[in-house]
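Common to both upcoming complexes is chain A, partnered first by chain B, then by chain C.
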Partner chain A sequence: MTSSFWILLAPETGLIALILLVLGLDLFTKLDQAKLILFSILGLFLLFGTLVFVWPLRGNALNGLFQVHALATFLKFIFLGAGLLTLVITKEFTKNLGNRASNFILLILLSVLGAFFLASTNDLISLFITIEWMTLSLYILTAFLRTDAYSLEAGTKYLVMGAFSSAVFLYGISFIYGTAGSIRFEAIREVASSAHQSPLFLFGFLLILSGIGFKIAAFPFQLWAPDVYQGAPTPVTAFLSVASKTAGFTALVKVLFAVIGPDALNWSAVIAVISGATLLYGNLGALAQTNMKRLFAYSSIGHAGYLLMGIAAGTSFGLQGTLFYLAAYAISNLTAFLVIVIANEHLGSGEIIAYRGLAKKSPFLAGSFFIALLSLGGIPPLVGFFGKFLVLQAAVWKGYLWLALLGAANVIVSLYYYLSVIKEMYFKPPVQNAEQIQLGILPQFSLGFLVASMVGLGIFQAPLFYFAHAAAQTLF
Partner chain B sequence: MTAAASAWWILFFPLAAFLLIPLIPEKKRTLGGWLACAGMFCAFALTVKIAWPIFEGQPFHSFHASIEWILIPNLQLEFGVLIDSLSVLMLLVVTGVGSAIFYYSLEYMAQDEGYRRYFAGLSLFAFSMIGIVISANLLQLFIFWELVGLSSYLLIGHWYQKNEAADAGKKAFLTNRVGDFGFLIGILLLWTFSGAEAARSLNFLNLNVTIPAFAQASASHGIWITLAMLLVFSGVLGKSAQFPLHVWLPDAMEGPTPVSALIHAATMVAAGVYLLARTFPLFSLSPAALEIVAYLGGFTAIFAATQAIVQNDIKRILAYSTLSQLGYMVMAIGLGSAAIGMYHLTTHAFFKALLFLGAGSVIHATHEQDIWNMGGLAKKMPVTSVTFFIASFALVGFWPASGFFSKDEILSLAFLENKFLFWVAAFTVFLTALYMSRLIVVAFLGTSKIRKKLHEPTQKMLLPLAALAVLSLIGGFLGIQNILSPASHSSHETPVFVVALATAFGILGVLAAWFFYRSSRKIQNRFQTAFAPIREILVRKYYMDDLYDLLLRYIQQPFAQFLSWFERKVIVEGLVNHTAAFAAFSGFCLRKLQTGRIQTYLSVFFFGVVILVYCFTIANLHP
Partner chain C sequence: MTLNHYLITSGILFAIGAFGVLGRRNVIIILLSIEIMLNAANLSFVAFASHLNDLGGQVISLFVIAIAASEVAIGLAIAVILFREQGTLDPEKMNLMKG
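Entry: the complex of A and B
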């Protein structure tokens, strides 16, 4: 089925219109910053409608450069949801942004736009450009708090490391182009699936893999993550841990399944090893943390390990598991960050100890955090459990029993540090005064909705399961 | 609305009531009670709508609807409704009797502190019970089965400040645990028998096909089916309080009386019988299992009836009577007729709920549960007494009350199938008449021992009594037996001998009680001394509680202590602590890598690329 250009690009067009509108409102009216955020939230919310509209469509635009299929739409749902919730989180963070909140949200919206195009790309160069487009906004956003030394340090580290990895990425693309003679996915795949490739082709592929490894913070390219996550403004950390990671996985899935193909080059075992190492690094590193954002930096590295596990299986089922996991992780992690940003504002500290007695100060906040942590840890019947189950099952079927066992063991390790946070919240008395934390309507509603989704999708997985199934089928 | 949608709504209404009641402020608590009632009435109305073809005398078309639930590969589970004549009959009982009891509770619990908690619990129970009835597969049924266990626990312990109530709740829950453990293993066994790995299903409709196929595949499979069905039956033993797991039901009378009526007489304890009827096609594959079911049911019938004779608490007499009647139902199914078992379940629900509500009415007025402290109630509370007499009449099984028809079906079935069980059941009729007449003679007739003036309750309590009295009286003429098996009634005529014998035993029991308990104190005392040893055994409940106490003390307790030691020394000190130390150590090592210097990070990145290239070359050199 072919549809016209504008119909296929409806979500992107809508988002561009929203960005222009926000920019115009910011420049030419004296609209309150808080109202501008609310306006953007509303705009992004309405964009879900365009995604629902695009969901059944399949087609190409821009001369085959831009593809619309189930996988792209599935990923756009995650990007849009992450963008929307990052704005909700930003709303709670406005105080720290001063009069520059409008710049902040514009950068986030631009980053989401980059991610939208990334989900639909069909060649290596536009893959590179869109992912850099997304990351460029994030460099600025990470260093956004100009008076905060941590933020600046994080921004610098992220920029230097990012520039290095982009160079490696681009260098890899040049080798691929040199040996395959094309940057189009289908053309390269023909070369990859042939029996004899040039060693330079393999070399180029590995460089690209390293570049993507940086984006998803996989071992051994993960060292930047804890420093950057801790130093960045909390909304940016949330966006980095969900949207940027999803973007990295989008690129990885495209390269491994669309460009190379599941059966070529024996990449599966290497990804499995990386997955295991990433799991261990993230979860063991998290054990000793005392800062909440740093804890989540390590735990998100651990989650990248699980996400890689589904990909390592190299099957449609494994990819489906990874996609399910991505959505589950996005919901749970963003819930956690919404709580963290509100709690940090009230507690005045990002240390885990500051969360002592949170249950007394705000049962609702602590309860939402509780559910989010259990979902991240993979406790049934929450949605996170089912995601873990699918990727572990995929690994077992592929024959990586050791990896599945390692994943299961890491669930226990991760529960240790998640449960220590719960212990602080519920079983320790508050450190300072136990005054109640008042929540606004928007965070209350958002948390309620997110908790309901974690429980609801955990008990009835069918909608997300089939959504991910359709998306995974696109590449097989 | 389609019939399937109605079925979902029947399940939804009590759930909604359960979720909404806690939100109602204490000041407007009566709203909570009405909300619970509204949920139940709506469920009842929808059930009647579904069951309408039956009332019009047409055959009922069963249907099945489901949504996919758990999608784990090779373990597809659905969440569905299965509405056939069996579940419609049970739904009518649950929602119909339930509506009466919910309405009755409005007044009975009006002064209670835990009013909203009570109605929330009752709604949770209604939700779970309806869930059991409409479940389309065994696992879903098991989930709701556990939920009724939970709500039963909550409601028995409604007055948790009283130690007896809290203990009774625990006892009920733990005893059911024992049975349900076996039940779960039975379900898993059936699961493994139900075909090839990818095609397994616990759906009842599928099980009715796959399990017979499994049984026919090999002669040696018969023993496995027997084992699985007996394990399923162990769940029935717990829930329907059959020997030897019956011990919790008499103690459960610590709960509010409407709860005893609804949960521990009319519906929940009958869930075991319903499960037997639901899985009857599977049970019928194993004659050995059915025989055990029949004998245990018959034994429970007479075993419990003997104990009812020596009880002094009005609710405990009724509780033992419930045990005995449940034994009848189980026996009927064991003897090969699920339809007759369900028939007795239905009539029993009417008259036993009525008996409990009558007892509740008496307790509400007198604040007294010992029958020896009552006396002469018939004059003071005429309406309650008349309904109580009607219910007793039905329980003993005199014509034309409903109990006559269902009990005679059971007796004639036993007469045809198993003469020994027939005599057991017939003698139980005598015992039933004896203990019920004893209750009536002592509590309702004679001179009153209560000083204060007694009042009949208001219409909120009398209306359910009247409705149930009518059903108890005419239940035998409504054609309930035809819902399940239109042909069964004509296939075998009730032998006149059976009817005559049962009625004779009944009259004998009544006369014995009449003369003995109306006689002078002296004769009674002489009689009691003569039979003191037997009486002692009965009062001590055949030493069942003592036996369990010994088992717990000398077997379970040392075992638990061993496990506790094993956990503390081996698991925590040995495994957990060392694992934690190892993890902490590795975390410490990892942090060495995390220097915070960008030079380190870039070097590691570069080494990473080198290692990746190296590994990959190896992987591709050995295809």
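Entry: the complex of A and C
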């Protein structure tokens, strides 16, 4: 079925309209910053409608550069959800942004727009440009608190490492272009599936993989992640750990499955080894952490290892597992960050020790954090468990038994540090004053909805399971 | 001048840029080195475009120039704030976070 340009680009057009509207309201009216955030949250919420609308559509626009299919729409759902919840998190963080909150939300919206185009790209150079589009906003956001030494340090490190990795990525694309004679996915795939590739093609492929490795913080390109996650403003850390990681995996899936093809070049074993090393680095590194955001930086490196496991399987089922895991991880991690931002504001500290006795100060907040941590750790019947189950099963079916065992062992390691946070919240008395934390309506509603979806999707996995199935099928 | 000459030049440029990023201790020099790396990729695109007789590669290099310009604009802005707040542009001095 082919549809016209404007129908296929409905979500993007809507988002551009929202960005212009927010910009206009900020420039020409004296609207309160808090109201502007609420307005953007409402706008993004309405955009879900356009995504539901384009879900059954298939087609090309912009001369084949822009593709609409189930995979693209699935990823756009994750990006939009991440953007929406990041704005909810930002709402709790406005006090630190002063009168610049409108700039902050505009940059987040622009980043989401870049991610939307990324999900639909069909050639290597627009893949590069959309990733840069997304990351350029994130450089500014990371260094946004310009009087805070941590934020500046994080911004500088992220900029240097990010720009370095994009240069490597681009240099790789130039060799693929030179040897395949095109940057279109289908044209390169024909070259990749032939028996003999030129060494330059393989070198280009290796450089592209390294560039993407930086974006998803996979071993051995993960060194920037803990510093950047810790120093960045908390809403940005939430966005980085979900949307930016999803963007990196979008690029990886496109390069491995659409450009190279699942059977060419034997990339599966390489990804399996990277997956195992990433798992070990993230989870063992997290054990020694005392800062909450840094703990989540390491734990998100560990989750990248599980996500890579499904890709390493190189099958439709593995890809489905990775997509399911991405959605489950996005829901659980954003819940955790919503709690972290509220708790950090009230406790005045981001150290894990400050969370002592949180259950007495706010049972609802602690309860949501409890569910989110168990879901991230992979405890049934929560949604995170089923994601882990799928990627482990895909690895076993592919014959990577060692990788599946390593993954199972890492579940136990990750439970150790997740449970130690729970121990601080529930079984230790509060350090200072034990006054109650009052929650606003918006965070209460969001946390309630997120907890309900973690439990609900964990018990009735079918909707998300078939949604991911349809998305994975588009590349096979 | 064959394709290989251009590719070797671009490889040398890329290596100079990479060593600059990893070895130099000034944020501005690091940004310049990243520019050198991006331009090495540009040279390689243009050389391949001429070799393949395909305009695509030259169009790509125009896009890359735009991306590189915006990256440097953000980088310099961060460098200015960094110098104003901390009085140094040495990345080795930035070691608040470890572990």
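By definition in this document, the second predicted complex is superposed on the first by the 476 of 476 C-alpha atoms of A that agree within 3 Å, B and C clash if a C-alpha of one lies under 4 Å from a C-alpha of the other, contacts with A are read in each partner's own complex, and residues count from 1 in each chain.
Just so we're on the same page, a contact is a pair of C-beta atoms (placed from the backbone, for glycine too) under 8 Å apart; a residue touches a chain by one contact, two chains touch by 3 or more.
The shown structure was predicted, so the numbers you read here are calculated from the model rather than taken from an experiment.
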{"item": "Which of chain B and chain C A:Pro220 touches, first, second, both or neither", "value": "first"}
{"item": "Which of chain B and chain C A:Phe164 touches, first, second, both or neither", "value": "both"}
{"item": "First (chain B), second (chain C), both or neither touched by A:Ala149", "value": "second"}
{"item": "Which of chain B and chain C A:Ala238 touches, first, second, both or neither", "value": "neither"}
{"item": "Partner chain(s) touched by A:Ala288 [first = chain B, second = chain C, both, neither]", "value": "both"}
{"item": "Which of chain B and chain C A:Phe460 touches, first, second, both or neither", "value": "first"}
{"item": "First, second, both or neither for A:Val273, with chain B first and chain C second", "value": "first"}
{"item": "Partner chain(s) touched by A:Leu265 [first = chain B, second = chain C, both, neither]", "value": "first"}
{"item": "Residues of chain A at both interfaces, chain B in one complex, chain C in the other", "value": "156-157, 160, 164, 168, 226-227, 288"}
{"item": "Contact footprint of chain A on chain C as seen in their complex", "value": "10, 14, 17-18, 21, 27, 30-31, 34, 37-38, 40-41, 44-45, 47-48, 51-52, 54, 56-57, 60, 63-64, 67, 70-71, 74-75, 77-79, 81-82, 85-86, 91, 94, 96-97, 99"}
{"item": "Contact footprint of chain B on chain A as seen in their complex", "value": "156-157, 160-161, 164-165, 168, 202-203, 206-207, 209-210, 213-214, 219-221, 223-224, 226-227, 265-267, 269-270, 273, 280-281, 284-288, 317, 389, 393, 413, 416, 459-462, 465"}
{"item": "Residues on chain A engaged by chain C in the complex (per definition of touch)", "value": "125, 128-129, 132, 136, 139-140, 143, 146-147, 149-150, 152-157, 159-160, 163-164, 166-168, 170-171, 173-175, 177-178, 181-183, 226-227, 230-231, 288-289, 294"}
{"item": "Chain B residues touching chain A - in the complex, by the definition given at the top", "value": "67-73, 79, 580, 583-584, 586-588, 590-591, 593-594, 596, 598, 600-602, 604-605, 607-609, 611-613, 615-617, 619-620, 623"}
